[in-house]
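Below: the structure, in C-alpha cells.
Order of writing sets the labels: A, B, C, D, E and F. Residues in every chain begin at 1.
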C-alpha cells in the first residue's frame, strides 16, 4: 500500500533550519523511502538562535534534507524571530505551492503558545493553501492554480500539539527510518550544544509509539476533516494501555 | 483499494431500530458493497416511540438491515428510553464484540445533549471495546479476548456531532449506495408519519458532500487517534468553499 | 413583534462582494421586510477571485443589495486576498459605525480556518465596535462616539461556524424571504460558474430549518452574552429530532 | 413587551430547598411580576445539609416560593446527597413536565465539578424534556406528550457556570425584584448560619449587572440554540468595560 | 521548603492495585521522603485483568506501597471492571476522607475515554470530597466533617491527561525518588508480562522532565483553582524548547 | 513564606495607564509589601480614551505605581488604540525583560474579545518572554539573555478571563493591601467620571474572595504549566459553596 513513485509530492514548511526535522523528520523519511518526492521550504537561516551562524545552519539543513531524501530551498519571511503575518508572505508561500503542486502540505502547528515564528508560519501556510486556488490573484497569474489534498500540522514540541484537531499517529518504527531521522537531527550539530533536542524527539516518538502499540510514532494534526472512500485504510487506532 | 471479502467485519450498535440506518446507513451500504461483513446490534425495539409497535419496528429494522446487506440481532439494555450506564450492560456488549471479532465498531456519539439512550449506548460501547480485551473478566471467560482496530461514533442528528473528535467524511456518492440507503431508511415506515427524518439525513449528506467536494458524505468521529503507516491513504480533505 | 420603521439600522460587513448575501442574506431580507434599514459595507471588489472582474462584481453586489432592500458602499481594506489586521483599517470601520449608528452589526465569523479575509474582517469589525465608543480617538473626533447593541457573526460556510459562541437560529421561512434571498445570491452571476454556492446555502438553510422545526433558518453567533429584560422573547429553541 | 398573564408557565427544578432561589430567584421574581405562572419542583428536603431539619427546610422553601409568587412541590429523587441518574427519575420529571406544560424549563447546570445532586438533576431534567415528547412511554401514557420551548440552566455558584453554552444575562434591576429576591433567599434562615450565601449571590448579580450595564443581572445558559423570528428582541449585549 | 512531619496527610485513591503507582508513584515517593504521611485506598483487587490473581495483586500492591512509604487499604466498589457511579460508593469514600483527614487528595482523572473504572473512581472521589463536608449526611454522622485543601487528578496514561484543567508538573528528579518509584512499579510483577508499563511511565516522566527543564516530572491536574498567599511558590514553569 | 527582599523582581506590563492597577493591583500591593521589587511598563498614555489628557494620565499612573510601591516607565507601542502585533515591538519588550531580569512577568490576557490593545500586548509579552532567551537576536546583543520563571496573565475585566488556562486565585485579603489597591485605582481620577471601574474591581475581588473562602482574591492565569518541587505550597483550592 505504498505510494507509487509518481505520487504527488509532499511539501514541508519550516520556520528555522531544523524545525521540519525535529517536528516530523521521521514521517518524511518514511515517505521518501516509499518513493514519494519531498521538498523542504525553510523560512529563515536561524540567525537569531543562540548557537550557529546562518551559513553553518544552512549547510546543516541541506545535509539533513539530503539524509532524508528531500530537496530544500530557503526563503525570506522577515528573518528569524521577526516573522509577521503578512499577505505578501502568504502569497509567496502560495506561489511555491503552485510551483511544487503537492498532494500534502506540512507546516508547524498554529498553537499560539510557542515560538512566534512557528505559529505565524503555520497560519500563513494555511492561508497560502487557500490562496493557491484563487485564479484571480495577480501576483500569481503566471502559475496555474493548485488545490492541495490535505494540510497536516506537525508540532516541534509537545506544547505545540493542538488539542482541538484530529490526531493521526504515523508509525515510523522501521529501524532504517529511525536511523535516518536521528542522523538528520544530528546533522544540526550547532544546535546540539545546549539542550537535549534529539533526546526530546526520540523520547516523544517512543512515548507515542507505546501509545500506538508500535515502536515509534509521530503525531500529525489534520487542518481539515479527512475524506475517505472506504474505512479500510483507517482501521487502526491508538492502543490504550 | 476496496476491502477484500475476508476483511474483519464491522459491528454497528444502535439504541433504537432505526438509529444505525439514519446515522450512518450509507457508510455501511458502501462497506457491504465493497465486500465487508457488517453486523447490527440493536438495543431496544423502539417501544417508547410515538409511532410503531415493537413487532412492527423489529420487522422494519430487519428489512432495513437486509437492504444494507447486514445481519442483525436485538438485545435488551433496559428498554427504549430506559437505558442506564451499567457494568452488566457493557459486559454484554463486550461479549458480542468478542463473538463478532470486528476490526471496526460503530456506535452513537457520546455528545450529552441528545436522546439519553444514544449517549448511554455510545458510552457503554466505548467501555465494552476496552472490556473485550481484559482476559480476567469472569463473565466473558468462555470467549477469547479481542482488541478492535478503531471505534467510530456516528451522529443520529447534527446536534449529536462531537466538536472535539477528529472528523472523517466518508464519501458515499455512488448512486447505488444512496439508493440503497434511502430504501433502508424508508423501510422504517412507522417513523415516516410525523417528521422528515429521511429528508433530514439526505439534506445533511448533501451538505457534507458539498463541503467535501463530492455528491454525498457522512461524518464519522474517531474515538481514538488514527494510526497509519503512510500518508498515502489520508491525502484528501474537506474542500472548503 | 416586528421592528418599527424607526428601529436603529443594521450594519453588515463583508470582505467580498457576495459574502454578506451568502452568509446571511435571508436574515437581512427578513429584517428589511420588517422595516429595518440595512446597510452593507464591502471590503473589496473580489479582484482575486477565479471569476468575475471587479467592475462586474461591484455591479452584482449593488443589484443583490437592492434586491434585499439594503444600501451598499465599498471600501478598501488592502485588496481581495490581501487583508491584514491593521489599526488604521479598524479605525476606518469604526468611523462607519459612528456614521451609520447601528443597533446591530453583522460580520464574518473569526473562526481561523477559512478565507483569511473573512477572519480578519471579523476581527477588525469586532475591534471597531469597541473603538467606535472611545471618545479620544483623534482620527474619529469629527464623529460622535456610538455604542452598538450587539455584534453577530455570520458564517459564509459551515466550516466557519464557531463552536464556542451562543448560536441563534433566525427563522427565514417566509417564501418571499427565501425567494428574495435566492434572487440576491443569483445576482452574483459571475460566481455561479464553478461551484454550487447557491445550492450550498439553500441546503444549509434547509438543514438548519429542519433542526429548528421550521422551513429554513440561518445561524448567527453572538459576540457577547445577550442581555434581556424578560424570557418572553427567547422561548423557542432548536427542536431536536 | 411583558408576557401576558396567559403565557405558558415556567417550570423550575431544584435539587435542594434553596437552589432555585439562590441560582435564579431574581429571574423568577421578574417573570411572576410580569404575570407568568411559575412552579417549583424540589428534589429533596435538604436532609444531608449541615444545618436545618427537613421540616424546617420545607417550610422555608414554601415561604420563599410564596415570596417569589410561585407554587411549589417536593418530590423524591433518592434523598439529599444521594441523587443518581436513573431512568425512573427522569420519567418522573417528564411526568411533571407533561402535567405543567411549560414553555420554559429551568434547572441546575450540568457542569460536573459541583454538588453531585445539582449536576444529576440537570442531566435528568434535560433528559426529561425529551422524554416528555415521546408518545409511547408507557409510564406516561395517561399524560399528553408536551414539547417545551427552551431549557435554560442556572448556576448555583459561579463555578457551575458552563463555558460552552450561550450565555443570556437577564436584567433584574428593578428594586422590587431585588427586594423580593433577597427576601426569598433570607427565608432560608437555617442556611444563613455559616456562609455568606446571600452576599455571594448579590455580589455576583451586581458584578453581572456591571458587565451588562445595568444594576443587577442573572446569567442563564441555553441548552439548545435559540430560534427567533426577528433580531429585534436580541439587540442588547454585555457592555464591556 | 519541605513539609514538616506533622503536615496533613495525603490520601491517594486507585481503582486497581497498580494505578496509583503507575499514575503518580514518584510524586508520592517524593512526598513521603519529605516527611508527609501518605495513605492508599485501592478499589479492587484487579480480578478482571488479564494477568495475576487477586491474592497476588494485593500482595504486590502492599509491597509497592511499603516501598513508597505509604500505608494501604482495599475497599470494594463493585469489583474490577464493574465500577458504577453510586451514591453509596461516594459516601463510602467520603467516610475514608473524614477518617484520614487529608490536606490533599489524589485520584484518577475523569477524562472519559479511558478504563471505565478509572473515570468512575475519579468522579466518585470528586463527589466524596464534597460529601465529606456536609454535616447532615446520616451515614457519616459518626465522623466529623472534613474539608480537604485540594484534589489533584493523576493520569494513568497520557490519554487520560485532561486538557481543560490547570497542569502542575511535579519535579521528581532526585535519583532516590526515581529508584524507589521504579521499584514500586516493578513490584507489580504480574503486570510485567505483556506490556511495557514501566517503560511507558519512565518515558513519560522523562519527556515531562525535558519539558520542565529537569530530569523527570509527573503531571497532576488541579480539580479547582489554586489559592495562594504569594507568588513566591509558583515562580517556575515549563521551560519550552 | 514571604519572598525575601532579594527575590527576583516582578515585571508587569499594561497597555494603558490604569490596566495593571485595575487588573491585578492588589496582587502587586501584596508582593511589594512582602519585599519584592515590582516594575511597571505602560505601553501608551491613554490618549484615545474618552477622558483624561496624556499628561494627566501619566501623572495618575506614576502616583498609582508609587502607592503600590512599584517603579514605572512608559514606552511607545504605536499609540493607544493603535497597537499592532509587530516583531519590533516584541523585541522592544524582550529588551526590557533582559534589563529587568524578572522571575515573574504579568501581562493582560490574550482572550480575543476585549480591547484590542490588551490582547495584542499580551501576545507580544508572551512572545517577548521567549525572545529574551535567544542569544543571537542582533537587536538585543548588548543585553544578556534571560529566562523568566513564569508568565501570568491578568484580566482587566471578567470577560477577559481565559477559560482554558490554569487559574490561580491570589489571596489579597489583608486590609492594608485592599486599602492601597483602592487608593491606587482612585489615583486614576480622570477615569472615575463615567463608569464604575473601582466598584467593578472590588465587587469582582469580593466575589473571588467568597469563592476562595477569604475576604478578597484576584485571579491570575498561568501561561505555562507550573513546576513545583513539592505539593506543600499548593495545598489550598477554591472552597466551593
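To be clear about the criterion, a residue touches a chain if its C-beta (ideal position, glycine included) is under 8 Å from a C-beta of that chain, and two chains touch if they have at least 3 such contacts.
As the structure is a prediction and not an experimental result, all values here were calculated from the model.
When the partners of subunit A are compared with those of subunit F, the chains appearing in both lists are C, E. Touch-path distance (fewest steps) from subunit B to subunit D is 1. The most distant chain from subunit C, with centres taken as the mean of CA atoms, is E.
Rounded to whole angstrom units, the spacing between the C-alpha centres of subunit E and subunit F is 35. Multi-chain contact residues of subunit C (touching two or more other chains) are listed as 85, 113, 115, 130, 159, 211, 223-224, 238, 240.
Annotation, chain-chain contacts: A-B, A-C, A-E, A-F, B-C, B-D, B-E, C-D, C-F, D-E, D-F, E-F (touch as defined at the top). Of all residues in subunit A, those touching subunit B in their complex are 1-3, 7-8, 10, 27, 30-31, 34, 36, 103-104, 130, 147, 149-152, 164-171, 211-214, 217, 219-220, 222-240.
Interface of subunit E with subunit A (complex): residues 114, 156-159, 163, 195-197, 199-200, 203-204, 206-207, 210-211, 238, 240-241. Residues of subunit B touching subunit D in their complex: 46-51, 78, 80-85, 112-113, 115-116, 159. Chain contact summary for the complex, subunit C toward subunit F: residues 85-87, 90-91, 110, 123, 126-127, 130-131, 133-138, 145, 223-224.
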